[in-house]
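Here subunit A shows up in two complexes: once beside subunit B, once beside subunit C.
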Partner chain A sequence: MSFEVEIKEGIAVVAVTAGRLDASVAPELKKVVSNVIDDGTSRIMLDLQRVQFMDSSGLGAVISSFKLTGQKGEFVICNMNEAVKEIFELTHMDRLFDIYPNADEGFQKMCA
Partner chain B sequence: MEGTSALVVGNDAETRVALSRQLDGAGFTTMTATNGQQALDIIEKIGVTLVLCDWSIKDMTGTEFCARLRSATMDRYVYFIFLGAQAEVAPQKALSAGADAFLSTPVKNDDLSARLQSATRIIELQDRMTARNDFLEYAYQSVTTDLKIAAKVQEDLLPRQFRLAGLDTNWVFKPANFVAGDMFDYFPLGDDYFVFYILDVEGHGIASALTSFAINNQLNPSSHGLCSKSIKNNPQTADAVIATVQNLNRQFQGNLNSSRYFTMIYGIVDVTSGEVTMTQAGHPAPIQLSKKTGEAVALGDGGMPIGLLKEATYSTISSTLVAGDRLFLYSDGMLECENDKGEFYGSERLLSRIQEWRDLPIEELGDLFDGEITRWNGSETFEDDVSMVILEYTGKR
Partner chain C sequence: METGKINLSIDSDIRQVQHVGEAVRVLCSHLELAGAKPSSVELAVVEAINNSIEHAYRSESGNSVDVAFEYDADCLNIKIKDYGVPMPTSIAGQLSQEVIMPNGSVDMDGLPESGWGVQLLKSVCDEVSYQRIQSCNTLSLSFKLASVTA
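Let's turn to the complex of A and B:
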């Protein structure tokens, strides 16, 4: 497993445990998020703390996961390192997501 | 000899005959040898699937014979049974010498027949595995052959002209796995414009390459000609650029299960004025090298990839090229190429090389960057597709 899921107060925190979010783990992310939604949670926080490198397949999986949560759901991201942030900026995806420097802050904003 | 062939090795003629008879009865084609060397010759020349060997043969020890048999390179496994008096040899000793089984002499008919049944099962399993391996090898070879043909098809789509009205060009193309999700092209459009693009479909390999072929087909002036239509319908170059990428974004929207998007730089040069208008759809920033100052600068601040979001909007980057200025377009496979220490090639290194080689003719730059990135990578096998397009504005018509 390259992911850990913890559900607290109706929010699913999906933590990536792999160091590289690339083609080898991208399909698993979509599956994990899809399962979380099927189980009734559509408010998701993706925690990228352990991700050192993300490639185009990883980005594709994040966007697909975001699309899965739909209009009523919520999808935020926290703990991006500089390299990952650069990819989000290059592709203007930083304008699409609520991005938080750490999980606590993201959690507080989602609960507010 | 194919099928279930057996070899009986031993000193005693009577035993050899008796064993042969029983093996024949069990469906084996049986041969006999009186010593180790003769047996090894038969195995080498004819091949057998089962060997029954006396622990003590004339010219070598049973252990030595078994070791020599096992060390020989053979296409199929040989099932080896040692025969010997229990008092003379411990079964464990026979097995550790490389045998599959040990039968004590005098051999009882029932023991031998039970052992032969077990040997047959193993031999059959072995044959099935060999057949499956042969099939896999055949399948692999035919897939590889097809991929080589596909790679040639893709290579043939790449531009072959390097001196066009107003611009000289060069490029680098290194697919990660025969065919690439990276693709590029450039061509004059009428007398006034020069169109160029480079794109990178998410992932790499066959699925990405097929998408890159489809996009190329949309843009190519001799097929769908999306570029020329956009220019015809939009008097302003910037509008024409945006119309093209928006059209692609509509056409290449994936569904929820597949998000095969691509990044791209698409641009148009006004050949007379040197004005270049381009859009950066999530692709690494184009680099402009000034002939006059020798300075290389990355242009643009990103943009949404194509095929990811229906509602994506695009903007353009404008710049002016004067004679001798160069424009470098490249894929992330170049920046993220790792050396043996796990360091990325990176944009800093690329910028400094572009500046360092500013006085070299453009004809040499393709090979130089090819060599540079291959050295950095440490081999010709790349993790991701690497591509680069170099344009030099000459202003000459």
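Let's turn to the complex of A and C:
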């Protein structure tokens, strides 16, 4: 498994445990998020702490995951390293997603 | 300045791509190619190989993707070669178009989930070009190197 899911106070924290969120892992992210939503949780925090590399397939899976949460859901991202942050900046996704420097800040914001 | 050529070859299996990516990052760090950020070169090579596997070989393993590096004082040139079907014109056409990224007012539900690879390639490389000669597709990536002064 390349992902771990923990439900805390109605928020699903999806942590990527693989070091790379690339074309070989991206389809699994969509399935994991889809399963979380099917199980009744549409507030999701994606934790990228362990991700050292992301490609366009990984980015596509993140966008897809966001869309799955729908208008009633919530989707935030935390713990990006510099290489991952660069992908978001190059594509301007850093302007569109709610991104937090760490899980605590993201969690506090979602619980506020 | 050292010059050199390095060739790598992998099977068209998406799980193999990370090995080339990691090798590229280490190679760039080791060679200290000023101006070619290792993570950016890794991203470009991974995107180019993904493109070969997904489009030229339609995600089927058992085919070859060759990666050739050539560098001198001024430039790092990388050629990614495959022997599958030609690059779709929709993708090849994007190589010559200006990169336009979404702005902050875009509808998130309308964001595409695919097609970011060429945009990223163009963003991190100084030049990107595609050629098909006989049955070989070649995607050429170029990074200008900064001159190092004492």
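Following the convention adopted for this analysis, the second predicted complex is superposed on the first by the 112 of 112 C-alpha atoms of A that agree within 3 Å, B and C clash if a C-alpha of one lies under 4 Å from a C-alpha of the other, contacts with A are read in each partner's own complex, and residues count from 1 in each chain.
The rule is short, and it goes like this: a residue touches a chain if its C-beta (ideal position, glycine included) is under 8 Å from a C-beta of that chain, and two chains touch if they have at least 3 such contacts.
Please read all numbers here as calculations on a predicted model, not as lab measurements.
Enquirer: Looking at the superposed three-chain arrangement on subunit A, would you call subunit B and subunit C a clash or a fit?
Expert: Subunit B/subunit C on subunit A - steric clash.
Enquirer: Thinking of the overlay built on chain A, is A:20 touched by subunit B (first), by subunit C (second), by both, or by neither?
Expert: So A:20 only meets subunit C here.
Enquirer: Of the partners subunit B and subunit C, which touch A:55 in the superposed model: first, second, both, neither?
Expert: A:55 sits against subunit B and subunit C alike.
Enquirer: In the overlay, answer first, second, both or neither for which of subunit B and subunit C A:63 touches.
Expert: Once the two structures are laid over each other on A, A:63 reaches both partners.
Enquirer: See if subunit A has more residues touched by subunit B or by subunit C, and give me that chain.
Expert: It is C that touches the greater number of subunit A residues.
Enquirer: Answer with first, second, both or neither: which of subunit B and subunit C does A:73 touch in the superposed model?
Expert: Neither partner.
Enquirer: Pick one for A:91: touches subunit B only (first), subunit C only (second), both, or neither.
Expert: both
Enquirer: On subunit A, which stretch or stretches are contacted by subunit B in one complex as well as by subunit C in the other?
Expert: 23, 55-57, 59-61, 63-64, 67, 90-92, 96
Enquirer: Which positions of subunit A touch subunit B when the two form their complex?
Expert: 23, 55-57, 59-61, 63-64, 67-68, 89-93, 96
Enquirer: Which subunit B residues qualify as touching subunit A in the complex?
Expert: Residues in contact with subunit A: 200, 202-203, 256-257, 259-261, 263, 282, 284-285, 301-305, 308-309, 332, 336, 384.
Enquirer: Which residues, counting only subunit C, touch subunit A once they are in their complex?
Expert: Those in contact with subunit A are residues 14-15, 17-18, 21, 39-40, 42-43, 46-47, 50, 54, 101-104, 106, 108-109, 111-117, 119-120, 123-124.
Enquirer: Which part of subunit A faces subunit C closely enough to touch in the complex?
Expert: Going through subunit A, the ones touching subunit C are 20, 22-24, 53, 55-57, 59-61, 63-64, 66-67, 82-83, 86-87, 90-92, 95-96.
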